[in-house]
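Next come two complexes built around subunit A: one with subunit B, the other with subunit C.
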Partner chain A sequence: MPTEEKTPFDRRYIYIVLFVLISIPLLYPLNLPIPISPMSQDVWDATVALSPGDIVVHSFDFGPSTLPENEPQCSSHLFHCRELGLRVVAVAFWAAGGPLAHDIISEIYGEGYENTAAYGTEIVYIGYIPGAEVGMQTFGDSTWDAKGTDHYGTSLPDLALMQEVRSVADVTLWAEWTSGTPGEQQVIQFIQGRHQGENTDWPLVRGEHLLPIVAGSTAVSVPGMMPFYSAGQLVGILNGLAGAGEYEKLVNDVYPQYPYEQGPGLDAQSVAHILVILFVVIGNITWAISKSGGGKSS
Partner chain B sequence: MIPPNIGQLPPELDLFAAIFGVFATIFIYSFLWKENPLSRAVEHLFVGLAAVFTLAFMYDAALSQAVWGTNRLAEGNFIWIIPILLSLMYFFFFSKKYFFLYRYPVSIVAGVMAGMMICGMIQSNFLAQIQATVELPLVGAGVWEGWPPAGLNSIIMIIGIITALTFFFFTWEHTGALGISTRIGRYFLMATFGSAYGGTVMARMSLFIGRLRFLYETSYQDWFWAWYLVPIAAIIVILVALWDRSKG
Partner chain C sequence: MSLVVKRYIPLAITFIMGFIMVIATYFLAPGTPARDATALLTATVDVLVVTAGAIGLVALLRHHLMNINKRGRFWQYSTITIIAVIIYLIIGLYGVATHEQRYMYASELFSWVYSNIYVHMDMTIFSLLAFFIASAAYRAFRLRSLEASVLLIVGSLMLLGRAPIGGVIWEGFPAIAEWLLTVPNAAGNRAITIGIAIGAISLAIRQLLGVERGYLGPER
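Then we have the complex of A and B:
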């Protein structure tokens, strides 16, 4: 049975140092520069390339535990879609995403911003669709069959926008906000792959018209998404809190009424990362010293 | 304007939500100091609430899926009785006598999912990835321009894919040329794991930053700030931990 090796100091000191150093930029922002990564820029470029009236699906597939990362991602993109005059069909394939999506949509399409969009013609929130992958595939095949009513109990055929969205072939862009399964991989498998070539307005990828998908995910999931980004199956990715901050910055530069709030959070994250790197270096030096001194190491 | 949410709590309850949030946050993070009755209580509360929430939401979604809306059971489309009955057969899990009936919906779901997964995975995760790798640009206009050139990325990816695949090739002993390839492949795999670890650190820090921002920035009608309660919650944790230790 493995035994816990004695470390030079209590790990709880690390937590205290981390807590103090993260708190400082949150209370007194450092205003560090925010370079825009190519993945975030690709999300922006794919969105601004659309024409007013185009239909974007926003899929809210996350829960409260990843709200700090996913919420600013989807809020800023949703606001961007609204300002560009794009029509939005929102869904959730996670049960926990259902009420969260309502709150986010209500804020972006509420009275806080000018030019309130009309529900039913410019935005529809279908709500939670059960069945995970099966629900996702059904939605892609036939939106009306995936769920009888929207989140508020209105029958889908009674909504003007849903008359134009009968399947994913009517959709111009899919925005996937995810922190697990079902998420971007399931959209690629059960919607993009299944419906390739059905809309000639979709961009050509390796000779096939593929539904463009932009995704925002927690940073822990993004390395697993990179092969799909490299292969063109994902058009762009917002990488965790950093990606959210970058997109918020892009939106704020063009639409100053949308607040840029992630600056202190990104400062805190930079400080935390520097601290983690320092701890890794210190840990390795300590290990090397103990090894050269004849001590046991694992 | 977005319609109001069904069953949404009135805004007057935001104060209680903030108070509850502060105590829950401090109690759950007190686990980092030492496991104590409060951290366990909040953990159990979270699991219980999540289970109840999911159950209630699933029930509501199933009704709106199968019963209400156009062309559903309420409008006389009786085909929906079949999935409803199949779903109800899950409850035979709790019966010793009729447990075998529980296996029918399970086997149907397993079969459907297997069929869906095989098709989707082969197309999107296998064929499309192979195709994208084969088409990596090595020659042509602009491939070797700029820094880093796209051609260099292509070469790194090709070497990484081949050597990492040889690492999982167990037919021959990893010696000679194969040994060199597997060693290079191992470095590529280690770089991948390092990237995943970096992403994990970044994600966990983001969540912690999100909680701290909640504590520092949440307010109610400009007279209550969430951080007012942080010292009180911390003192409660210390008192409970001391009481727990005194019990032995």
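Then we have the complex of A and C:
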């Protein structure tokens, strides 16, 4: 584990430098080109491969702390689903995700969407389902048993779309927006694993039809997802803010009415990354100098 | 309390419930009445979650009240915590009492507090990490050993490859970052995941058989 050393100056100078430098691209964007990573492209490809009317579950399993990364991921994907004519069943297995999901869906489907004709046929928001992994398992086995009503108090059997979604076998794609547990690993374990082979429309993975799952998560969580991505259990991943920006760019290229807003944020991220590397280099130079001078390194 | 109540009954409950779920998962086909019957057991988790929430509230209040009473470390923040919890609880209960709150977050005031206060405070705290990382980069990452050097070089490549600036400097950086993520990282994470899974299975079997009793508290 790296040993922490004292700085020869007040560390708040580092904070000021970082604050000033990341503020500049936020105020005056650099408009750096955004290369699309294969993982983001896979999310796009899995989504456009669906047919209008197919059912996509959007699971909002994150809290406010990671909203800047998760929100642009799920918003752009939700918009994409709406434009493709896909039908969406939204849930949240995090209590904190419940109200956030309502706000995000309202942005895409319009304020008061729960009172429109589209609600119940094109979109349903079930709301928070308690019980974490157990709640997920119950939802996968029997959607009506996981929660009696939607987020707005309407009985699930009274919604036309939910008449068609009795278990996860009726779902065509699962979009998991997460920043912890329960998250993509629990969906794989308690839903995908329990229902493999139940829908022949699902893609074949090692000889078995598997529910396709796309995920979006904070950059710090994505390394833990990679074994599942390389095994085909996750078909695509939006990796942190960069992944969100990439998907926004893909959506914006086809649907210009969807704003590409992550550019300044990614520019600021670029500046911050360069600054961190510079700090590492300067820190090592000063450490080497103090070491060669025979002084104590700290 | 007798040993029967403190030890044997909880062990029996764990054994019976655990094996019912194991049998339901591995030996009963989905959609069969027997498997559906076990769904009732999983539904009881909701009841336990609600009870745990209530216990958590009591424990939180108790902890912070004791801290204030003793004028312990940062007792002023304990006061703010208690005031915030009580005010938010009252707002929530008021929403339910006036039937404004048809569903969990429907009360306008309850939602307003969540969206305009809690969400922003939570995001702010999390974003402060960026400043600590910058400071830690200067103070902690040193080329002291081969392992530290590998960590530093790989970390720098990931930093360059996962931000747009990396591709501008050299188009190979994003490809290197992608390779690091999908090959060495995936291999390492797979080993860790398999190790954790084997450990979890082992612990579960020990708990079901009553060999591991740490969750029941000290044996006295």
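By definition in this document, the second predicted complex is superposed on the first by the 282 of 298 C-alpha atoms of A that agree within 3 Å, B and C clash if a C-alpha of one lies under 4 Å from a C-alpha of the other, contacts with A are read in each partner's own complex, and residues count from 1 in each chain.
Convention: a contact is a pair of C-beta atoms (placed from the backbone, for glycine too) under 8 Å apart; a residue touches a chain by one contact, two chains touch by 3 or more.
What you see is a predicted model; the values in this text were computed from it and never measured.
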| item | value |
| --- | --- |
| Touching partner for A:G265 - first (subunit B), second (subunit C), both, neither | first |
| Which superposed partner A:Q192 touches (first subunit B, second subunit C, both, neither) | first |
| First (subunit B), second (subunit C), both or neither touched by A:S23 | first |
| Subunit B versus subunit C as contact partner of A:S76, first or second or both or neither | neither |
| Touched partner set for A:T178, first subunit B, second subunit C, both or neither | neither |
| Subunit B versus subunit C as contact partner of A:S40, first or second or both or neither | neither |
| Contacts of A:W144 with subunit B and subunit C, given as first, second, both or neither | first |
| Subunit B versus subunit C as contact partner of A:F279, first or second or both or neither | second |
| Touched partner set for A:Y229, first subunit B, second subunit C, both or neither | second |
| Shared subunit A contacts, counted only where both subunit B and subunit C touch the same residue | 15, 18-19, 22, 65-68, 98-99, 102-103, 127-128, 130, 134, 137, 149, 151-153, 194, 219, 222-224, 227, 230, 240, 242, 269, 272-273, 276 |
| Subunit B-facing residues of subunit A, complex | 12, 15, 18-19, 22-23, 26-27, 65-69, 95-96, 98-99, 102-103, 105-106, 109-111, 116, 118-119, 123, 125, 127-130, 133-134, 137, 144, 147-149, 151-153, 155-157, 185-186, 188-190, 192-194, 206, 218-224, 227, 230-233, 240-242, 264-265, 268-269, 272-273, 276 |
| Touching residues (chain side subunit A, partner subunit C) in the complex | 2-7, 11, 14-15, 18-19, 22, 32-35, 37-39, 63-68, 98-100, 102-103, 127-128, 130-132, 134-135, 137-138, 141-142, 145, 149, 151-153, 194-195, 198, 219, 222-224, 226-227, 229-230, 239-240, 242, 245, 266-267, 269-277, 279-280, 282-284, 287 |
| Parts of subunit C lying in touch with subunit A, wherever the complex brings them together | 25, 30, 39, 42-43, 45-46, 49-50, 102-106, 111, 114-115, 118-120, 122-123, 125-127, 130-131, 133-144, 148, 152, 156, 159-160, 162-168, 171, 174, 178, 181-182, 185-186, 189-190, 193 |
| In the complex with subunit A, residue positions of subunit B that touch it | 1-3, 5-6, 32-33, 50, 53-54, 57-58, 61-62, 64-72, 112-113, 116-117, 120-121, 123-125, 128-129, 131-132, 135, 157, 192, 195-196, 199-213, 216 |
